[in-house]
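Heads up, the next two complexes both have chain A, just with different partners, chain B and then chain C.
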Partner chain A sequence: MNMEPRGMETHAETEIAELFDKLHQDLPGATDVSRSREAAFAAFRQNGLPHRRVEDWKYSDLRNRLKSVPGFAARRDDTAAAAILAAAGDVYGAVDRYRLVIVDGQFHAGLSDLTALAAEGAVVRPLAEALADEGAELFEVPEIAADNAAVGLNAIFCADGLVLTIADKARLSKPVEIVHALSGDAPVSTAERVVVKAGAGSEVTLLETFVGGTEGSFANSVSDFRVASGAKLVAARLQTEAAGTTHVGTALVTQAEDSAVKLIGAGIGAGFARHQSFVRFAGENARADLLGITMVRGGQHVDQTLVVDHAVPHCDSRELFKTVVDDDAKGVFQGKIIVRPHAQKTDGQMMTQSLLLSEHADMALKPELEIFADDVQCAHGATSGQIDEDLLFYLRARGIPEAEARTLLVLAFLSEAVEEIGDEVVVEAFEERIRSWLSAKE
Partner chain B sequence: MPAVQETIDRVRSIDVDQYKYGFFTDIESDKAPKGLNEDIIRFISAKKDEPEWMLEWRLDAYRRWLTMTEPTWARVEYPPIDFNDIYYYSAPKTAAGPKSLDEVDPELLETYEKLGIPLREQEILAGVEPKNRVAVDAVFDSVSVVTTFKEELKKAGVIFCSISEAMREHPELVRKYLGTVVPVTDNFYATLNSAVFTDGSFVYVPEGVRCPMELSTYFRINEQNTGQFERTLIIADKGAYVSYLEGCTAPQRDENQLHAAVVELIALDDAEIKYSTVQNWYPGDSEGKGGIYNFVTKRGDCRGKNSKISWTQVETGSAITWKYPSCILRGDNSRGEFYSIAVSNGCQQIDSGTKMMHLGKNTSSRIISKGISAGRSQNTYRGLVSAHRKASNARNFTQCDSLLIGQDCGAHTVPYIESKNATAVFEHEATTSKISDDQMFYCQQRGLSGEEAVALIVNGFVKDVIQQLPMEFAVEAQKLISISLEGSVG
Partner chain C sequence: MLEIKNLHARIADDGAEILRGIDLTVKPGEVHAIMGPNGSGKSTLSYILAGKEDYEVTEGDILFNGESILEMAPEERASAGVFLAFQYPIEIPGVATMTFLKTAMNAQRKARGEEELSTPEFMRRVKDKAGELQVTMDMLKRPLNVGFSGGEKKRAEILQMALLEPSLCVLDETDSGLDIDALRVVADGVNKLRSPERSSIVITHYQRLLDHIVPDVVHVLSKGRIVKTGGKELALELEKNGYAEFVGAAA
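Up next is the complex of A and B:
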């Protein structure tokens, strides 16, 4: 990879180094954990925050964005945490689900439905506790994400989060919501990690929501989904943080044979957001459906980046990403399908489409194929344009006012990706977000 | 099961000795000492009898080059190049002096004859004009040895000569346009080229003139340890049209040789330039030993309204290709096209593609790229399509398809699409696959052998691009593709 020598250390980089000096003694985990933190910190010292000259961050210059890094919040009591959670809002309101609550990077067992989950074969542990006995294994990431700067930064500071272990063949009766709430009063940094171990043949729907925050907040979470053979996992990640927030969210997926994962990510909030997904096939006959919608306006910058690693034969992946850009906002999509040598019979299809609603909207697309095996079917498509005037005319000719017609077309455009998830709860919640986003403009 | 087992076997046993142009012409040559420094640049400039401003231009480029680092972003791997272990100037001794064909060394003429390049102008027989005449500028190592049909072109007002001659005869044109499309400091290799370029072709087609014949330059690297650094400048004035062909070969050698060219095209209002390349530098042997490093900067500037630049390339040669013929669509309603076939076999590495930069209003571009990888080669398409804020109604269609033959090769697609204007409509599609069993079965069931079937399918795969080539080149290109895939095709 093309690593330019780093320039002058920025203010934020100095702050990160100072934070590590101050905190590292008290971070949880035994020697092996602190060793992997130190290794990540050494890499950070060498490369700094990722910037536009690092190919993977070409369109999302985190170094330029982060002028200052706030400190990590001290652990709050459950009452204070509940207040922050309430202030941040509830995306799934009426939906019957289990809840696991992370506030300002700290897992709050007292606010979470641990007992009911345990009854269904799903055990939850705070990450701080799990790090002590499971050790650095919890920080292990697929090769494709190994040199990712944001994942490294998370490993340096990660103090809490949760480990959700789902027993073999367990089928959870209700979806599990993992809320990542940020305090809205004062900016904080967070670096939590969620590790989900879905046992063989298990089935679960996870709803991850990222809410709250204020000007200057910096959230950098990692969710690591380890999916055992034959397991089915649906994960819907919805990010609607406050406008001034900087959000970097990473989803790591490792799939064993015969497993099926559907992952959808919605980038709606935050001033600057980067959603990255790294999917690795470790067993044959697995399938991944990766979906995403991005809606940006004002001066927002939202990036959806994904890498799918077909490391073994006979796996299928489907990617469908839709982006709507309004005002002066910028949308970014980067997608890469890697087919390793001998990963024959791979089928990978990636589609990304973007709709530019205003004159100064800005969109960058980079769909990539990297193929080292011959007996494969891989394709990608990418389009960028504005609302089709013919479609608009068609609707208006049938008496639908222009504004409503536009709304309808944008909704239809985004829904195409949302509906692929095939889970009613998710479809309804996501479409509701799309509608409220569209009506906020009027 | 991969396509045809015998195909795979043959690819494995492939012997790149099928390179038909690998001979060496034993001819006495005049060389500058090895290495690169200001004295060498002064030497080259003096040899070319260049004006003072040109020497300054070169020295300035050289000083800038010293501060630059080699680009490493392309998906190619090679040991570091020692830029001081190269001869930057080599010319056949007899080539100097007035360039009448009779004075050209017969050895040289024979070389070109062997390559199938006619340097003798065919005489017109009793009112029967031969069809498809092509004017040729032949560049041998560092110098242009002869340019044919000059007189006839002159009558039409077209200037076609070597760039050194242009610098002497038409300094005003060279000075006005040189370096305006590819600036001196554009990139590492373009800057190196600006410092040391030795020859190349110059074309100027005046206002309203349709160039009466195809123009062509044939590049040949002959000497050992030399680099070829040519510079081509083509200007189509208002309403002019020119079609230009480029071909290249080199002897078979064990060491790698560097070829770092710069090509600049300028199309003014309503002008059209069609630039076709059949690149057939020596690709190295089956173990990846030897071959040309082809690090080329090609860029066209659609400077005027309604102008059009079209690049067509067939890449079969070179150990490493690093080449992105691009279009700057500056003029309103201008159009850029890029048609490419890149065939890699053996241990070849290709990282090629294009850039379409939409700046003007109502600009359009089209990219068709077909990559075929066989053997242990790596073949990458890398392209950029961008729309500037003011590029309203920009339109692009891109299609890049890759075909893999054998399981040890790689095919990669890295497109960048940047749209800053809502009215810009960009579409991109890419596919990668092997030849399907169904297609093979269909052909074989109709009586074709396995090899014939592969050849037929590959030809169909590249048809879109072959159709864009001028007739003579299309035939050559088809032959070249089958030679490059020999062992894997038939």
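Up next is the complex of A and C:
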């Protein structure tokens, strides 16, 4: 990657190397999968954990954050996994949906709705099993994510997860929730991967929830959405992990022609979180909508990083990211739109806005456009501000107490992004999380 | 109802003195008009009554129903019965008008120890008053004041006033930006609220509004002081001769 000599290996880096020595013989997959892991591990040995002198990680120094890396949990039986799942809470409560359950990085078929999904043309396999016969193809990632340290770290250790294959033209009658639950009793590391293959003309709404965890937990998941021609995929990712957790979550999206993807992310939990999205247009006339809602307080650090690769002509991308930062917390937004030389008629629009609720709240914004084609429309905007005192006075002058007025104004700030979600189930779940976040303020 | 005693106030940021000793007593049921040239302190007085923190009272007091309100937060004053109709009603994107109205009405009721309104009762009240003020359902469905014309904003202010039923209404240049038809609708709305228990302070530049909302007392404000007080005929005199005579007198 570069010739800069590395500094001293950190304790966490030593632990990662030791974990790989101990585990790699037993990790699933045939020879080609092992080779992928070896290659990823070699890159890790060279670069270590990503840190602030690596441009992509400038504002989110994972090496500094990770003082220690806990071991990976042994696979639990379904009863134990169900208890962890129940303790982590049910974000979607009464919503009628299919559930696929991953606990501490391991997929639990026995807790998942496989039969009903299969009847609708959606087949689920444990990743461990799929790696044995589908091989390293499952680890292939878009070029823009190829060098990403977190994706590499996931490939090194990924032992399970799931592959969801949706048949051509299948339109699932209910949303599919993929729960990623972490044990709250003792810290573990996880490195699961979810691969979704949405067939041509299929339609699905995925609800990915990241819940649970405890002080020292380190979750590093990858969700890889491969969307065939004409398919419509909505993926709503809601992260509400416990305060002491370190969360790295990556969404990879590859879109064929005429497909439409809406990727919605809410980052509310974890002490340190990095949410990454990499979207690649592989076919023309596709559209991607990326929405993000981030709310941080206390000493939290939450990063939203996205890269959209217009590799082909005639695709549209829209990004709208809202961040609310309180106390001493830090928010980060990095967004890059790449337009390749022949990707004419690209339309890419990115907006990021942040609301700082305290004197010490910190927000880093880095919007980037890399445009190599000449007939394109691209724009980006970034704003950062505080609650408008005139608006606050107006509400108070009508009798609304200050705290309630502030809550109304924060909701108003987020409303534009919430309205864009469209899906009622997701809107309700997100609004509930937003309200409970706001009411938790002493 | 309201007693303003020797009120001095300045802008908190730069210390510029705006009000230089205002004395004003408003009895229950009375309508007082305050007129005066630009920069005389009319809007400042209305903001100070409502509790805006940009201003600092350096001397004097404001008694509302016999008690000082200087230490009260804006929301406490509102719940006690003070209402300011803003000269420039503020647009709040993302806050639905109906949500805002319900939140405000119930917040005031809660502060006074009253039951919150049920949704049907709330809807009934809004529909009744909105009809009278020609505030359409379409307007009520929009975010607060967003995309409203100047006249629509002023009608929406009076709608809020009618729903919140204050005992002291302060109207800050409610006539600005209104054509003659809109002026009549707004004035009718205000007149409907006149009662022996409710008082109003109407701040305006022009006599025109006072043809519709006929005041009991007219004051001329200049350089932060009331320089002349009279009956409704004083407004006519001002319309004819301008402020020059009084402004000069205060200098």
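In this text, the second predicted complex is superposed on the first by the 436 of 442 C-alpha atoms of A that agree within 3 Å, B and C clash if a C-alpha of one lies under 4 Å from a C-alpha of the other, contacts with A are read in each partner's own complex, and residues count from 1 in each chain.
Definition applied: a contact is a pair of C-beta atoms (placed from the backbone, for glycine too) under 8 Å apart; a residue touches a chain by one contact, two chains touch by 3 or more.
Just so it is clear, the model here is predicted, and its values are computed rather than measured.
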First (chain B), second (chain C), both or neither touched by A:Q344: first
Touched partner set for A:F393, first chain B, second chain C, both or neither: second
Which partner reaches more residues of chain A (counting touched residues only), chain B or chain C: B
First, second, both or neither for A:S439, with chain B first and chain C second: neither
Partner chain(s) touched by A:F413 [first = chain B, second = chain C, both, neither]: second
Partner chain(s) touched by A:E402 [first = chain B, second = chain C, both, neither]: second
Where chain A meets both chain C and chain B, residue numbers: none
Of all residues in chain C, those that touch chain A in their complex: 50-53, 73-75, 77-79, 84, 86, 89-90, 92-95, 99-100, 103-105, 107-108, 111, 143, 160, 164
Chain C-facing residues of chain A, complex: 390-391, 393-402, 404-405, 408-409, 411-416
Of chain B, residues touching chain A in the complex: 1-3, 72-73, 389, 402, 404-434
Chain A residues touching chain B - in the complex, by the definition given at the top: 2, 55, 341-342, 344, 354, 356-386
